[in-house]
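Two complexes come next, and they have one chain in common, chain A, joined by chain B in the first and chain C in the second.
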Partner chain A sequence: MADESLIKRNKLIIIAVVSGLSGIYLSPYFPALAAIGAIVAVVWGADAIRRVAAYGLGTGVPSIGQLALGMGIVASMFGLAIVGSVPLAGPVVALVTASVFGLITGLFAQHVIKMNIPVMISGMTEIAAAGSLIIVGFGSAAAGSYVFGTFVQNIFSSGIVLVIFWMGAMSILHPFNATLGPDEKQKRTLFLAVSTGAVTMTIIGVAATMILGSAGIITMVIGIVLWLVFYKKFWDEVYKDAASVVGTGLIPKTEA
Partner chain B sequence: MAEFLLLDPSMLMNVLLIAISGTLICIGVHFVPVGGAPAAMAQATGIGTGTVELAAGSGLVGLVTASYMYANVPDASMALVLAAGAMGSMILIASAMLLGGLVYAYGVGVPFASAQVKRDPITGDTQEDYMSKGTQGHGIPTVSYVSGLIGAALGGTGGSLIYFVLIGLYSGVSSAVISSNAAAIAGMFAMGVYYVNAVIPSYGVGGTIEGFHDRKFKRVLPKDTLTSFIISLIAGILAILIAGGM
Partner chain C sequence: MVLDLTMSLAVLSLMGVLATIAGALEDLESDVGSQSNPNSQVQLAPQMSFLHRIYNKAISGEPVSNGFSAVVSGIVTVVLLDSNVYAITSIAIGALVGALILGIFATTSFAGRVSSMTRFKQPLYMDIMRYTTPTIIAHNFIMNFCLVALAYIQYAILGHPFSIPFLALIWGIAAGAVGSSVGDVHYGAERQFQNSEFGAGLNTSLSGQIVRKAESGLRNSIDNVWFCAKFGGPATGIGLGLTVVLSNWPTTVIGYNWTAVLVGFGIVVLMAIIHRIVEVNIRNAYGPYKDHNGKEEAAA
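Moving on, here comes the complex of A and B:
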C-alpha cells in the first residue's frame, strides 16, 4: 500500500503511545485528557486497520475492530490488575501485554491460518496495542483513575465498560469500513477516525457525569466540539476528493 | 505469589479449561452457516451476516442465560450452567435462522439449496435442481440448520465454561475489589476471549461456510483449532494471574 501517506506509521505510533499514556496518567487531575489521548489511539488503530484490511480479510472490516478490543480488554484487565501495589506501571504493562498478545495472534494468523497479508503481524500488534490504550484511556476518563480498584468499582459494576468496548470498537472499525475502496485516502479516513473517537468521547462524558460530576461535563463538551470540527473536516475532504457533488432531487412521480 | 498459584494443579486445570472453552467456541463457529454479504443478497447459502456477528450474538445470549442460571440456582453445578449457556445460544441461532428462512422463502422468494452437496445429507433431497445459475446456493437448507444448532451449542458451552471457571475463581480470592465484582470481571473476560475466538476462525473460513458438510470445514478446522487453543491458553494464564496478582 504505497500511497501518499500524510503521517508515516512510526511517527503515528510514537504520537499515539506518548499522548495515550500521558492522557491516562493525567486522568486523576483532568479526566478529559485521557479521552483525548484515547482519540489519538483511535486514529492509530484506524490507520493500522486501514493498512491491514486493505488486503481484504474475507470477512469484513468490523471483525478486526472487534478482535482489537477483544484482545485489548483481556490485556488491559491483566495489566491494571497484576501491578498490585505499583499502580503507576498498570497502563504500561497493559500496553505491553496487548502488544505481545497481538503479536502472537498475528503470527498465528499469518503462519498457521495462512492469511497471506504481509503486514498482518505488525498490524495485529498495533491494533491490539491501540485497543488497550482505547480501553484504558476512555475507561480512566470515565472512572477518573487508572488504578484497578477505582477503575473496576466505577466502570465495571455499572456496566460502562460495555459502552467503552462497543463504542471503542465502532470508533476504530468504522473509519476504514466507511471509506474503503480504490480511492481511499489516509487523510479522509483519519479525519473520520477523529470524529468517531470524539463521538465516543461525548458518550463517555455522559457516563462520566454519573461518576465524576462536572468533570464529565467538560469531557462531553470537548467531545462535541471535536466531533463537529472533525466531521466538518471529513465532510470537506469528501467534497474535495469527489469528482463532483450534485443534487439528484426527488424521485420523479412517473417513470421516465 | 502469582507463580505459586499458576503452578498449583487446580490452577493449571483452570487454565486448561479456559483453553478448551476457547477451542469449543472456535469449533462452534465452523458449524454455523454464515453467508456474509453474498447470502444477504441470496447468492450464497447461509445466514446473511458475518461470522463474528452471529458467533458473538449467540455467545453473548449464552453468557446471559448461563450467568442467570449461576446466579439463581444455589450451588449450580458446572453441567447445569453449561447446559443453560448452550440452550441460550441455540435459541438465538435457531430463531435467527428461522426468521432468516422466512425472509428468504417469502420475501426474496428463493428455494433453499446448498451448492456444496448434491443431496442434503439429512433429508436426502436433491439440491442441484433448485440452484439458481451463477449463485453459490441460497437460503438455509436442513443440513445447514442442524449444523448451526450444533455450532451454537458448542459456542454457548464454551462461553459459559469460561464464565463458570472465572467466577468461581474470582469470587474466592482475598482481594475485595475482585471478589465483590467477580461477575462483571468474569463476564468481561469471557466476552473478550469470545470475540478473539470468534474472529480467528472467521479468518480461517474466509467469510462464508455452509456447515459441517462444506468442503472447507475439514480443510480449515485443524489449523483454526490449534490457533484458538494457543491464544485461549495465553488468555487463560492472564485470567488466572489477575486472581493471584493483587
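Moving on, here comes the complex of A and C:
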C-alpha cells in the first residue's frame, strides 16, 4: 500500500492525547468537549488499526477493535479507581495503564504467537491507549465527570457503559474494515472515522440526557452536525476514488 | 414479580416467539447486505474479474453488528422509558434508531469497499444502494424490536438484575451468532454457488466465481433475500427460538435444582443424536461429492 499519508503518525498521537485528555478534564464544565476529544482518539485508533491491519489482517480487523476497547475499559476503570483522593490523575493513569496493556499484548503477539507484523508492538500500544481515551472520553461526556464514584454510578447502572464499549469499538474498527481493499486511502478512512465517532457522540448525547439533561442535548446536536459534515466529506472521497459511480447499468465487460 | 406456572410458561413461549422472529429477520438482514461468511465471496469476486450488482455490507461479523444495533436500540428505549413514554412506543422508537444507525454503517461499508477496489473496475451502483439500504433497515428494525422487547420482558416482568441495554446486547450477539452459523450456509454455499451441485460445498478453485445472473436480468441482493427467506431465514429463527425455549424450559417447569440440570443435559444429548441421524441421511441422499480431481470424497 502506498503510504501517501495525509497526517503523520507522531503528529496524530500528540493531537489525540492532548485533545482527548483536555476534553476529559473539561467534561465537568462542558461535557460535549470530552466527546469531541474522544472523536479525535477514534481517528487515532482507526489510523493505528489501519497501519497494523494493512499487513493482511482481513477478518481480524473487527477483533482488533474489540480488543482495543476491551483493554481500554479494564485499564480505564483501574486507572480511575486507583488514584483515590487525587481524581485529577485518573485519566492519565488510565492512559498509561492501557498503553502498558497494549505493549504487553503487542509483545505477546509478536514474540510468543509470532505474527511477524513489524508495527505490531507500537500499533497495539497505540490502539489500547486510544481505547482508554475513548472509554473515559465518551464516559465523562455521558456522566459529566471523570471522578470514579460519579462515573460508575452514572454510567454503569443504566447500561450506558456498554453502549460506549460497543459503539466505541465499532467506531474504531469500522473505518478500516469498511474501506478494506487494495485501493484504500488514509484520507477516506479517517473521514469515515470522524463520521463513526460522531454517530457514537450523538447516541452518547441521547443517553446523557438521562443524567445531565440539556447538556446531553448539546452533545447530541454537535454530534449530528459533525456527522453530517464528515459523512458528506466521506462521500465526496468515494465519488473521487471509485472506479465509477453510476445510477444503474449493466456489468462492464471483463475477460471472465 | 412472582408468576404461577401457567403465566411463566406463557411468558416463556412469548419469549420463544420473539426470539424466533428476531432470528429469522436477523439472518435475512445479513443476506440482503451479504454480510459475514458470504461477504468474502462478494468481496473477492471483482478481483477474479467477476463484477457484480450485489450489496457489500462489511460491518464486521454478525454477532458484533447485531449486538451493536441492539445495544443502541436498548439505550434509546431506556432513555424514553426514563422520561415516562409507554413501553411499546419506547421500544419501537429505540428499534428504529438502532436500525437507522446500522443503515448508516451499511452505506459507508458498501461505498467504502467498492471505492477501495478501483483497480478491478467494480462500479458503485447507486440504485442498489438506494433500494437495498432501506430493506436492511426494515429487517434490522424488526430484529431490534423483538430483541429489546425480549430484554424488556426479562427486566420488567422476570426481574432480571441486568439493565435493558445489557440484555439487548447479549441477545443481539446471540442472534448474530446463530444467524452466522445456521443461516449463512444457505446463502454462502447454496445461493452464491447455485450452479454447482446441491450441498457440494465450496471448492477452493471456485472462489469468487459467484452466480451473477438472475431468472431475469442481473442478480441483486433482493433476489438473494427472496431465496433465503424460503429456508435459511426460517431455519435460523427456529434455531434461536429453540435455544431460548429449550434452555429456559427445564428451570421454568422443574425449578432451579439438579433435576433441571439433568433434563437440560438430556435435551443436549437428544439433539446431538438427532443431528447425527439427519446428517447421515443427507449424506446418503445427496453424497458422496467429487473433489476437483473427480475422485469421490469420503461419505459420512
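Going forward, the second predicted complex is superposed on the first by the 244 of 256 C-alpha atoms of A that agree within 3 Å, B and C clash if a C-alpha of one lies under 4 Å from a C-alpha of the other, contacts with A are read in each partner's own complex, and residues count from 1 in each chain.
Just so we're on the same page, a residue touches a chain if its C-beta (ideal position, glycine included) is under 8 Å from a C-beta of that chain, and two chains touch if they have at least 3 such contacts.
Keep in mind it's a predicted model, so treat the numbers as computed, not measured.
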item: First, second, both or neither for A:Gln66, with chain B first and chain C second; value: both
item: First (chain B), second (chain C), both or neither touched by A:Ser22; value: neither
item: Partner chain in contact with A:Ser122 - chain B first, chain C second, else both or neither; value: neither
item: Which superposed partner A:Thr105 touches (first chain B, second chain C, both, neither); value: first
item: Touched partner set for A:Met167, first chain B, second chain C, both or neither; value: second
item: Chain B versus chain C as contact partner of A:Ser157, first or second or both or neither; value: both
item: Which partner reaches more residues of chain A (counting touched residues only), chain B or chain C; value: C
item: Chain B and chain C footprints on chain A, overlapping residues; value: 59, 62, 66, 157, 159, 162
item: Touching residues (chain side chain A, partner chain C) in the complex; value: 59, 61-62, 65-66, 157-160, 162-163, 166-167, 169-170, 173-174, 177-185, 188-189, 192, 195-196, 199, 203, 206-207, 209-210, 231, 234-235, 237-238, 241-252, 254-256
item: Chain A contact footprint on chain B (complex, rising order); value: 2, 36-37, 50-53, 56, 177-178, 181, 184-185, 188-189, 191-196, 198-200, 202-207, 220, 223-224, 226-227, 230-231, 234-235, 238-239, 241-242, 245-246
item: Complex contact set, residues of chain C against chain A; value: 40, 43, 48-53, 58-61, 64-65, 67-68, 71-72, 74-76, 78-79, 82, 97, 101, 104-105, 108-109, 111-127, 162-166, 169, 209, 212, 218
item: Chain B partner contacts - residues on chain A that touch it in the complex; value: 57-60, 62-64, 66-67, 69-75, 77-78, 81-84, 97, 101, 104-105, 108-109, 112-115, 148-149, 152-153, 156-157, 159, 161-162, 165
